[in-house]
Amino acid sequence: MEYRLLIDTSDAKGLVYEISKVLYEHNLNIENNAEFVDKEEDKFFMRTVVSGDVNKEKLLEDIKTILPKDAQVKLNSVAKKDIVILATKESHCIGDILIKHHSGELNANIKAVIANRDTLKDLVQKFDIPFVFVDSDNITREEHEKKMIEAIGQFDFELIVLAKYMRILTENFVQTFSNEILNIHHSFLPAFIGANPYKQAHQRGVKIIGATAHYVTNDLDEGPIIAQDITRVDHTFSWQNMRDAGRNVEKVVLSNALNLLLKDKVFIYKNKTVIL
Amino acid sequence: MEYRLLIDTSDAKGLVYEISKVLYEHNLNIENNAEFVDKEEDKFFMRTVVSGDVNKEKLLEDIKTILPKDAQVKLNSVAKKDIVILATKESHCIGDILIKHHSGELNANIKAVIANRDTLKDLVQKFDIPFVFVDSDNITREEHEKKMIEAIGQFDFELIVLAKYMRILTENFVQTFSNEILNIHHSFLPAFIGANPYKQAHQRGVKIIGATAHYVTNDLDEGPIIAQDITRVDHTFSWQNMRDAGRNVEKVVLSNALNLLLKDKVFIYKNKTVIL
Amino acid sequence: MEYRLLIDTSDAKGLVYEISKVLYEHNLNIENNAEFVDKEEDKFFMRTVVSGDVNKEKLLEDIKTILPKDAQVKLNSVAKKDIVILATKESHCIGDILIKHHSGELNANIKAVIANRDTLKDLVQKFDIPFVFVDSDNITREEHEKKMIEAIGQFDFELIVLAKYMRILTENFVQTFSNEILNIHHSFLPAFIGANPYKQAHQRGVKIIGATAHYVTNDLDEGPIIAQDITRVDHTFSWQNMRDAGRNVEKVVLSNALNLLLKDKVFIYKNKTVIL
Amino acid sequence: MEYRLLIDTSDAKGLVYEISKVLYEHNLNIENNAEFVDKEEDKFFMRTVVSGDVNKEKLLEDIKTILPKDAQVKLNSVAKKDIVILATKESHCIGDILIKHHSGELNANIKAVIANRDTLKDLVQKFDIPFVFVDSDNITREEHEKKMIEAIGQFDFELIVLAKYMRILTENFVQTFSNEILNIHHSFLPAFIGANPYKQAHQRGVKIIGATAHYVTNDLDEGPIIAQDITRVDHTFSWQNMRDAGRNVEKVVLSNALNLLLKDKVFIYKNKTVIL
């Protein structure tokens, strides 16, 4: 069996030695190992893929014993993660995920797609994925979010993916789910925060547009950035042309970020990410 | 009504003047205009989107009158084009096209998907697109291609799209269809022509991989290039990792090239393309 | 002789016809032609390289006659332009320009480098270019700018290039010179406006950094964007690493933008650029 | 004092543990650490920056003791490396290096520039770097190479940088210098091996061109690739335009690769590079 050992701790002398010693004494093979030390901030991150006869509890205990007290340690299996997807009406990001899921290329189980429009119902149901429609029309933001939280709460999952869910999330929402929330923003953050970034980009006359996948935190569009990519535009692009070109970037960036999360490669730290 | 006037001719003095004069006398508006003159090769290309009360036959006649004798002139409507897609078993390119088709973002009607494996049958049929399975097992290449030509021949279409159709096409096939054939090759051509370019790229130790959309001609992987893009890799990538990363590039490059063809933006010339 | 005819006007029916007719009647060859029509804003831009026996005054007169009254028309020779460069102490941008100038690859004459530090004096003088040091220490911003304006005023030139001139320009400065002013900003605008964008980028944890060449207007970092490019960074980059990586981008973006200006390819319009 | 410990060995269980134990027992701090294990090929690479009171000989001995017999171990200081640059007549790559050297941004001492044309003499001597002209006119390739080897042999250095040295190197040359030889090739290898890659690229009609920095081995343009980058071109580019655009890519790629070598970040393995 393979496991991913994930360590996030303050730095200390001899950490690599101490950790590798425990793994050695547990008679485990290191399939893959990556560390990052931020000397300035005195932080240490490590992601190690181990194989062999893993005694999970004993290993975690032994690792924690030799680490600083503030250390966060996880030992994750390499199994597929359960995810819930939130969407509105655009199909490019969710479609990309559905196609990968259908072909077995996605290392996740999609438990449900929950949307505030019913536009995507037909598409999602083609793939035999539960589609939950939580209409956002004619109700307050608070009422809608309450219903969303109820709808999401029906499912067991490790990760929420916002695949172009075009609603602002409240602090309450973000704090309700201790799980990670992944969002795709349709600009090269921190440029063009907020509504309609392609219109903003068109008006500003930029020569490159982009997309940003980030963790959702209380501050809109301000969470830790996981992945970004760009594409070139010029004066012949209307804002709709920019949007169309940007969609190809959005879906690839979201897909890449999702893969990183599914492989436990992302550590959060000071509103930034360390990717090992 | 809008039309696209497409001119491919040897160069001559006053061409822009003569052509724009005809359009002016036909009382047409120029919505968009682009020319390219290759002085060295004495060639002139022009793509003009005109609107107004277009008398197609008279306009073509008047345009041809003022052009050199070798001129090729087309006057295309801006309507959706009919296409037939050939595939094998990978779903990323065809999936991307199906999602765009379903959401109305593709300026084409998909008449059929024809494949030499039945892997994609379930996916294609979800979208109510005819799927034709022409098994390539246990028959000769010639027999299989004959059956493919028959299968394709049942449909009316303007363009064949090879969305990861993993079979070599014979000269006979290419010449049977006077229509354009668009292919996506999974390398940055002319690097890694032929089979399994990701394995070749891995073995060569490149730091960037790519994909190339090109017209199919008699020479394998040697046709006029329409679009290319790349993504970065490093020593941690197995060839399978390269393939997975490359798929995102392949589908975007194919999608971009297809869009260019659907908008009549591509002229072929000396085994190269001029894109207006 | 070759000339560049540059037209910036409100749109009108038959403009291409009327303009090409004048060129035809003047018996000129069109070496290269590009137009852009913004239908929404009713604007027309055209850059035409003509060769032949050009009667400058008559041609300009005839062209203006057939254009809308608001039209701006220029007929520029293809000769080298005279430029003045402003700098502070970083050598990557100015060094790149000096090397290109020395090898004859730059289509410009450098009349002088004027700097508020003397750091670059040795480098600039190696290339026999006048170096003017206008010390910014111990004087007010206004006093320094006054001296800069005097120093710049000694030279005849068409274009001011800010090659990492790390001073904020006042409205007065910008309005003193009717010439164009080109700046390189060390971020992917509009992200990280203002001071020390690499520190800002590091703190925000972006995965891509960039540089932006733009015209200088009264609003700092808000002028029309001419060229942008990017490079990838990750969590291992300190802000100094980002700065070092960014410098390669800065110098290439500045060089590309400068080339566009020297070829008269850039039109300004609504705080954006049209590049033909 | 900081040192870089560089290990290239066949893989074995417990290597990280054993190595980090030695470092721990030597009471050294790990400033930075990166490993790569190729499970398929049973190979292990490690680059560790250590600080503290380093006993070089004892440390090397202790490390070698615990490693497999085929292990190659180096303990390099972080001091500047001495380099010799070979060039012909283009100034963009050598100019870029000279500017960085002059500003102190290059972590190397340039011992000499040796060229088979005298075109660059003036430029190089501006920077007080020895310029050796070994004329390649009117003598055989063998005679010229013999003279080059003599000229190079006068200097002590760790690395030869071919900054657009446009001569084919013989096996004899490559084997004469046990030092590493870094070359910049003006194409996206393995596309366009050999002479005049920009003309080849223009003729093939590619939409992207690139440059490749690689180690020189006996096989021309076939050595391990260190860095690559690209830029976009289109049908309006003559081959000279491609060359001019490509030069910006060449100099940045060479500069990046040179930095990697100067930081001891590159391991060679099966004609590929591992970059830690």
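Chains here go by letter, A, B, C and D, matching the order in which they are written, and residues are numbered from 1 within each.
In this text, a contact is a pair of C-beta atoms (placed from the backbone, for glycine too) under 8 Å apart; a residue touches a chain by one contact, two chains touch by 3 or more.
Just so it is clear, the model here is predicted, and its values are computed rather than measured.
J.: Please determine the option from B-C, A-C or C-D whose contacts repeat those of A-D, over half of the contact pairs being identical by residue number.
T.: That would be B-C, since it shares over half of the contact pairs of A-D.
J.: Which chain lies the greatest distance away from subunit B when centres are computed from Cα atoms alone?
T.: Greatest centre separation from subunit B goes to chain D.
J.: Taking the mean of the C-alpha atoms as each chain's centre, how many Å separate subunit B from subunit D?
T.: Between these chains, centre-to-centre, one finds 40 Å.
J.: Could you put a whole-Å number on the gap between the CA centroids of subunit A and subunit B?
T.: 35
J.: Two-or-more-chain contact residues of subunit B, please, as numbers and ranges.
T.: Not one residue of subunit B touches more than one other chain, so the list is empty.
J.: Taking the complex as given, what residues does subunit B use to touch subunit D?
T.: 36, 40, 188-192, 204-208, 210, 224-230, 234-236, 238, 270-275
J.: For the complex, give me every residue of subunit A touching subunit B.
T.: It comes out as residues 90-92, 95-96, 98-100, 102-103, 105, 123, 126-127, 244, 248, 252, 255-256.
J.: Can you tell me which positions in subunit C touch subunit B when the two form their complex?
T.: 13-14, 16-17, 20-21, 23-24, 29-35, 37, 39, 232
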